[in-house]
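Shared between the two complexes below is chain A, which pairs with chain B and chain C, respectively.
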Partner chain A sequence: MIDQQILQITAAALFFLGLAGIAVTRNLVKAIMSFQIVLFGVNLALFSSGLGHNGPSLFSTTLLVLSISIGASIEALALSLVVLVYRHYGTLNPWEVRRLRH
Partner chain B sequence: MTPELPALLAVLLVGTALAALLFERLVYSLIALFYSGLLLGAVFLLYGASYAGLFQIITFAGAVSVMFMVILMLVGREPTPSGPSFSPERLIGYGLAIGGFVVVLVILSQFALLPIRIDEAGVTQSLGIPTDDPLMFLWSLRSWDLMFLLILISAAIAGIVNLFSKEGFTE
Partner chain C sequence: MSSYYAEWLVWLAPLIAVLFVPAVSLLGGRAREWFATITVLFAAVLAATLVPTALAGGTQISLAWLPVYGIRLQVRVDGLSVFLALIVNLLGFLIVLYSHGYIGRQPGLTRYYSLVLLFIGSMTGLVMAGNFLQLYIFWELVGICSSFLIAFWYDRPEAVKAGLKAFVVTRIGDVGLLVGLILLYVNTGTLSFDTLEALAQRGEIASGLLLASGFLILLGAIGKSAQFPLHVWLPDAMEGPSTVSALIHAATMVNAGVYLVARVMPIFGSSSAWLTAVAWVGIISAILGSTMAAATPDVKRVLAYSTISQLGLMFLALGTGTPGGWFASQFHLMSQGTFKALGFLAAGSVIHLLDTRNMNDMGGIGRMMPVTFTAFLFSILAMSGVPPFIGFWSKDLILGELSRTGHSVLLVLALFVSVLTSFYGFRAFFRVFYGRPSDLVKSKRIHESPATMAVPLGILSVSVAVLWLVESRIVELLRISEAVEANVWVYGTSLMAVLVGFVPAYALYLRQSPDPKEILEKYGWISTVRNVLLDGYGFDRFYERVFASTVSKLGSWIRLVQTGSLGKNMWGILIFLLIVALVVLAI
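After this line comes the complex of A and B, so read on.
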């Protein structure tokens, strides 16, 4: 099995692992951690799609750096929202937050 | 390069990600996530993408981990409510994830068996796009992506401004 296939299967595993984590978790911080795992999978897929015989292509590496920076900023924004939610509702359980709304 | 090292790194990457999801205490999850980011950076470095690998390590293993730690110090007093193990939404979540993974595996194997794969070098050669001009390259191959990205970023900026304005979200 060539390296590209190994990396793509790893990327798919990471993506769906993170997706399952987002679906089943009862803690917003854990949900953001799962989102980071999804992001790792996406980045790895982006990287492995441009992998040729002579290393990664410039194009996929450019998009990878863009994706890393955008993902990190999205996580920072999500964590700031988590702090706001905790101050407002006093809990981090999304089901509780939905029940306590208004 | 022998395929053992990437396979080992891939197994370790999936293992640390799984550990990050399965730990009950958030601090242990954070430590596993830190190692996961480090391993992904090592994969990038292994294939010669040194800039992206170092950027990944600096961003995710460094900055985002510290940010998570600060957030855990602010809000992490309550334990993770685990809930029942086999509630319907959990089963639906696991089922969706496993089903999606199987679908992607099938798609991946089909594409590997196809004789003609769309590869980037062939497309650029057939379209006559200069590869030494990055902006032209991006615009001619991924113009929709760039436009959607611009729309997404402007929507995010509008959302943030709305959120932190006085008429928006109030504590």
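After this line comes the complex of A and C, so read on.
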């Protein structure tokens, strides 16, 4: 049970560190990297809640793999958006990109 | 696990097939249509193979999922779930088959067939779920599919608005359901149906908790099944293609609410306040729906209001709280599904041909479309409750149960609904197929629909005429021990009700003597009533004025916080989450 708590605390720490990273960064690519850290935290929480007395359950592992692959596709989409943002605004600083309409 | 393949595949097969629809559509439109059709047929066959298991008492598959929270993945196979899975997939199959001809060649069909498969798969998953969490996941999937399909023609502003409305209105119910589930989970530590049933039967759930979560879950069912006061989304949902309407009204979406109430009956059924609420929500919806159906000029809206009213009758039957009423509601669900699918598909044929939904622009096409004519007639006969069509038997079970349990007020109101049902049904029938052809009808070449559309109509027409023969088999499947029967008085009274509704419809809309227009001019109060009904009792305007304007006002305040800057917004989210975390830790 102690292991599980360590895992969950780590997951929460990763989650908040990732969010903080998005909040302070001046570069959208770094924001995406921070977002990846948020996803690590979420996946770790998912993994730890699927832990039983004898290791992770089959079904929760399946969901975990699904979650990781969905996370990867979200990042791919985000990266393609970053390319568009750069073409459109000529900068990657999120503090300068703040118009919601073009 | 290998011996359980049917239990899994019956709902997983359509969901997995969704992933392959884009790939299959590269082979051409025909491949895509048949791929979807055969997948649903496959699921229907699998559902049929589950019948022996259900007859033998059912089974439940249970796998570890989230052990920390005591939640398992449960697939429940019992009479109710297999019965619903059969209805969903068989009707779904016929509707998808009909889509081939109806929806034809137009852009966005990959999206259409993917969503339809997802819709049918989620609905099957919903009825096979063994706990509330799984049910909730599929519940939301069904909701999102329906709203996307209603807005299928997204270049029409009305369709987009209707899709959004369906989403937002059912969301109110969904929030109720979610809060009810959380209440149950926090206090009992489980979401599994069988554990909760056992706890409730031993009286180990506090009555206040039971009542609160019961009402919240009922709110979810009301939203999904378009009952009063959340019925406003269903009539607008007519903006989607007719096949989608048929899916929503007959096979999927709206049945989920009735199913949920039936499923939780062993948990909450001991509370008479809850049962009374279910019954009164049902009868109010039935009256609202059937009165509005009698006024509207839109043929699809007649069917939509009729769905509200028929679902109301199912809620009413459930509200009696007896096994007989429970059975009557499920039997009526099957009956409503069959005749309503038939009604929508037949109306779809007419709309496909004339490109209008307004009954003022129809008339006199009966002879030129014999299959559609017969199909619509059968649907109306079943809906009104003319023997031997299935609606007669299922409606009379409900009336019989009401009279047996001594709910005399509800019985009288239900008979009133029955009169109205027969009136609006025959009104729509006469106005579409009889009378003088309109200019629109004269300008078109009227012809029968192609075979893929006619075949499902034929199958459903035969079904509404003969399905009552399987009633005793369904009694066995649903494991009802108490004898289910309606007595001769009920049959007599209900036939009288049908006749009382039929005569004015016949006089006004077939003989046209007295002419309905003259009556409206002569009696001012009738036209006042008609305007109120056409306005839908003003529910839409009321919601618009009270809720929609409040939300948009709140939105303009929240706009001040939304800076459009990623960094600033993120700080806001971070601070909020930290506060929440601190509060949770402090408790």
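One rule holds in what follows: the second predicted complex is superposed on the first by the 97 of 102 C-alpha atoms of A that agree within 3 Å, B and C clash if a C-alpha of one lies under 4 Å from a C-alpha of the other, contacts with A are read in each partner's own complex, and residues count from 1 in each chain.
By definition in this document, a residue touches a chain if its C-beta (ideal position, glycine included) is under 8 Å from a C-beta of that chain, and two chains touch if they have at least 3 such contacts.
Model, not experiment: these values are computed from the prediction.
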Partner chain(s) touched by A:50 [first = chain B, second = chain C, both, neither]: both
Which of chain B and chain C A:97 touches, first, second, both or neither: second
Touching partner for A:30 - first (chain B), second (chain C), both, neither: first
Residues of chain A touched, compared between chain B and chain C (which is higher): B
Chain B versus chain C as contact partner of A:40, first or second or both or neither: first
Chain A residues contacted in one complex by chain B, in the other by chain C: 12, 16, 19-20, 22-25, 50-52, 57-60
Chain A-facing residues of chain C, complex: 63-69, 73, 563-567, 570-571, 573-574, 577-578, 581
Residue ranges of chain A touching chain B (in the complex, touch as defined): 1-3, 5-10, 12-27, 29-30, 32-34, 36-37, 40, 43-44, 47, 50-52, 55-65, 68-69, 72, 74-77, 79, 81-84, 86-88, 91-93
Partner chain C, residues of chain A touching it in the complex: 4, 12, 16, 19-20, 22-25, 28, 31, 48-53, 57-60, 94-95, 97-100
In the complex, chain B residues that touch chain A: 1, 3, 6-7, 10, 13-14, 17-18, 20-21, 26, 29-30, 33, 36-37, 40, 43-44, 47-49, 51-52, 55-56, 59-60, 63-64, 67-68, 71-72, 74-76, 78, 80-83, 89-90, 92-94, 96-98, 100-101, 104-105, 108, 112, 119-121, 131, 134, 137-138, 141-142, 156, 160, 163, 169, 171
